[in-house]
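Please go over the structures that come below.
In the two complexes below, subunit A is the common chain; its partner is subunit B in one and subunit C in the other.
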Partner chain A sequence: MENKQSSSPASFVDSTVVPGDVVLDLSSMTNQTIKLGGGLRQDCDAISAMKAGTLRFSKPNKYWIESSQKRYVPCVEDTILGIVVDSKADNFLIDIKGPAMGFLPVLAFEGGTRRNIPKFEVGTLLYLRVVKANFGMNPELSCTDASGKAAEFGPLKDGYMFETSTGLSRKLLSSPACPVLEALGKKLSFEIAVGLNGRVWVNAASPDTIVVVANAIMNSECLSGAQQIIMVDHLLKNIQ
Partner chain B sequence: MEGRLANSWRLTVNDKNFIKTALLSEIRIDGRKPFEYRKISIKFGRQLLKEYFLIDAILLVEAIRCILLFCIIEEDGSSEVQLGQTRVMGMVTAQLVQPYRDRPKEGILSIFTEFSPMADPSFEPGRPGELAVELGRIVDRGLRESRAVDTESLCILAGKFVWAIRIDLHILDNGGNLVDAANIAALAALLTFRRPECSLGGEDGQEVIVHPPEIREPLPLTVHHLPVAISFGFFSNESILVIDPTHNEEAVMGGRMTTTVNANGDICAIQKSGGEGVPRRVIMQCLQLATSKAASITKQIKDAVEVFNTERALRKIKRHPTSTGDDVREKQN
Partner chain C sequence: MEVDREDGRSQNQLRPLACSRNILHRAHGSASWSQDTKVLAAVYGPKAGTKKNENPEKACIEVIWKPKTGQIGKPEKEYEMILKRTLESVCILTVNPNTTTSIIVQVVNDDGALLPSAINAACMALVDAGIPMKHLAVAVCCCVAKSGYVILDPTKLEEQKMKAFAYLVFPNSVHSVLPEGSLRVEGEPIENGIITSVTHGIMSVDDYFYCLERGRAASVKLSDFLRRNLQQQSTDSSKAG
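And then the complex of A and B:
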């Protein structure tokens, strides 16, 4: 513990951390605001890791821990894909692949009032944003962006949804674009929605395009950038 | 109530519709043709251990599983079958017991299934569910009714001692079509299982001596033929037929049928449990498809066993030709 606190915080960025590692010391970084993402917690002046993974830093001030797993641990401001499980008077119950059901308040839609509550049948796929993710509470979701606009959020029509690891879904969202998506996008036209909870939805004009895109993404999990491009070329040759 | 909701696995409306519409144009979500089987990979005891140690360097969760498996896996008579995403472990053990009264000269074959919640959150620990019972029954019927395993050769002393063969099937991951995967795992485990050699001795010739494997080479079971289970899924519209349905397809399909056939084209068993009715014409089509698939699967199982047996022969303990059980015992005394 002692020697870890004395080391400079920058050294932990992009390196592997395990639960209990003190990754940042706030006493040495006064007059600075930082934002903590998934897997980090604050105990007074110490920011410590809560899960094993790689510590990431994005300018100007965001820190989070990245790891790949099947179960999603909700985190504020993540965009996710959820499935409607049940509807109650005040909330929709949403399955988000997490330890608890997500609550989507019936008013959390653009211009939502008591009069125009949307009707979702069980099994509807929604693109959502996590608003609250506190301990011991069900995470609260919303179908609007921070300013109350519908943006891209809401139900997804048709298409096909498949499950990946959380690591792969984060890779798909990274910029510059993930090689597999870039290679596919050059030849095929399709629509995609990636949730950070390890769910990906794909839609295209014909079913075989959807199948090719879905399988290419699922296969890309353990491949390097160059391998992904070769794999996509190979797949596309087969269907033509 | 919420806990139960969280544990049940569900398919979105989008997926259900997509699977159905794609099937109309003969496309399946994993890129297969309707009558295409998934890739099968079969591994045995020692190969399994090697693989788990490699993976464990990377995955912590797997490490825990590895320790569990390490305790379980013996070298002979254990197999792990991977069919697409589905993983099933089969294990065969034997025990000397008294035979049933009405069949004093026959050994006993029994099958046990274990559906762990690790494989699928909807499997509840403890009491076996409906699916677990059905799976056990299908595998059991395929093996027993077709007399694939020669139970008479398991008799040592009529009415007193016979071998009871126990097949344990552990579902490790549910990716659909557990029945076929479990059946292949059971066959692969049976083919590699070896029981210790026995002989009768004592003053009245009624005493059973079990020779430890170090002294006499254990014997394989007599398996006459391999009854392979092939499952089909039926979809309501346009009477669409698929072979080897995945987890997602199982959630959408209207009915299923499992046929157990062997490479010679003999039909050992058919299981059609509930769901949609199927015309006779379709059943005949299924049986024809199943026969051709069974031949290729039988070949795959036999090839995998062959590889395992050669590996095993290379490691074989060298025995002195004259040494027998009695010699060793005398030396110990």
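And then the complex of A and C:
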């Protein structure tokens, strides 16, 4: 990875950092508000890295470490796929691949009242939004968007769910569209839900389409855009 | 003082290092470390809940050591305890309170310097899993022979012939945007600290300090190796963000 040197000497933005590297010196940046994202921690005046990854910067003042893991760190306003583990009086307990279980309040549905509480079996897959993700507390989830409408959140029926790394889910959700999804979409018709916590759900009319889409996505993690298109063409040629 | 080692290495020469991460499909983080001695480490977690006697305000680390052959006995329990204490001082335990992270270490081949290889493998597996850490832990093994010379990274035969040996774990060397000299703890740079020291046998105090010096020099080379390994694998494939 090239070390992009910006105007200030020894800047680590866009280069790989290792836990312990001091990436920012606050004593030289007075009167500025800096926002720290995942992977960075503050030690008095020095900001140091907690994870290995690439340091990213977005104007005007956000710094974070981009890395791809198999586990998820809950963040507010993320859309994720959770699996129901248990149901209590007030909440459903949801497994979101993070350090703690998520809580889905029983009333967090469009038009949800005490009389029409949905009955989810253990193992139901839900498409959810993270409402609160505070330190030391279980994250709170919801099946509605910010204005209270259902907006595609809720249980996902049929289809097939598989797990990926968080980096791959971010790539799948990036805009412009990810090359592998575009290439698959030109020839096949399928429905897909991507959770930022590393879970992907695919549904299509026939099982072979589902299998091809799932395999193509899992293979695309290590490939560049052009290689992904070639890989998808190869897979589709073999089934037609 | 020049010394003849069986495999032709010089006193301070380490065996060729190889490290790969993300090798196990089901584990949340995994790494293998080989220097002739090969160790595989897998990390699962953080998972909710801590054990009975542990502090629920901090994350808990649990280590399971699996030897290559034989049943699990006292030596394995000792290795587990040393690894647990070393990794607890390297990880930031306050980030995920009330969680448990399990680390399983499997010995694949034992040819001397087993515990340092295990510590290096476990540290890389933790980085692979994304567990928040203060810095990396870099481990070396130093031996003192009867005639007083010190060698690094012994093979199993050399370890058995030596008068004493020490496993030393140092923090890695950090890159910093701060000017030289400002990131110091009590007047010394972070790399001059020591995390763990396990000694076996009889050696004089001077010999021990000489071991520390040799070990520290080797740990700088190991730090560079780890940094290059992490950089290469991040541009390479699967974990590209």
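Note that the second predicted complex is superposed on the first by the 175 of 240 C-alpha atoms of A that agree within 3 Å, B and C clash if a C-alpha of one lies under 4 Å from a C-alpha of the other, contacts with A are read in each partner's own complex, and residues count from 1 in each chain.
Note that contacts are C-beta pairs under 8 Å (C-beta built on N, C-alpha and C of every residue); 3 or more make two chains touch, one makes a residue touch a chain.
Nothing here was measured: the structure is a model prediction, and the numbers come from that model.
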Report task. With the two complexes superposed on chain A, say which partner A:Met101 touches: subunit B (first), subunit C (second), both, or neither. Result -> both
Query raised in the report: First (subunit B), second (subunit C), both or neither: which does A:Gly20 touch?
Result: second
Report task. Look at the residues of subunit A and decide whether subunit B or subunit C touches more of them. Result -> C
Query raised in the report: Does subunit B (first) or subunit C (second) touch A:Glu140, or do both, or does neither?
Result: neither
Report task. Please indicate which partner A:Asp78 is in contact with in the superposed arrangement: first for subunit B, second for subunit C, both, or neither. Result -> neither
Requested in this report: Once the structures are superposed on A, label A:Leu156 by its partner contacts, choosing first (subunit B), second (subunit C), both or neither.
Outcome: first
Query raised in the report: So, A:Met50: does it touch subunit B (first), subunit C (second), both, or neither?
Result: second
**Report entry** Intersection of subunit A interface sets (partners subunit B, subunit C)
**Finding:** 52, 99-101
Requested in this report: In the complex, go through subunit A and note every residue touching subunit B.
Outcome: 52, 83, 85-86, 93, 95, 99-101, 121, 123-125, 156-162, 201, 207-208, 210-212, 214-215
Query raised in the report: Quick one: in the complex, what on subunit C touches subunit A?
Result: 28-29, 45-48, 92, 95-99, 127, 129-130, 132-136, 171-172, 174-178, 183, 190, 226-227, 230-231, 234-241
Requested in this report: Please name which positions on subunit B make contact with subunit A in the complex.
Outcome: 2, 5-6, 10-18, 21-22, 25, 27-31, 60
Query - subunit A residues touching subunit C - in the complex, by the definition given at the top - result: 1, 10-12, 16-25, 39, 41, 46, 48, 50-54, 66-71, 73, 99-101, 136, 165, 167, 170, 221-222
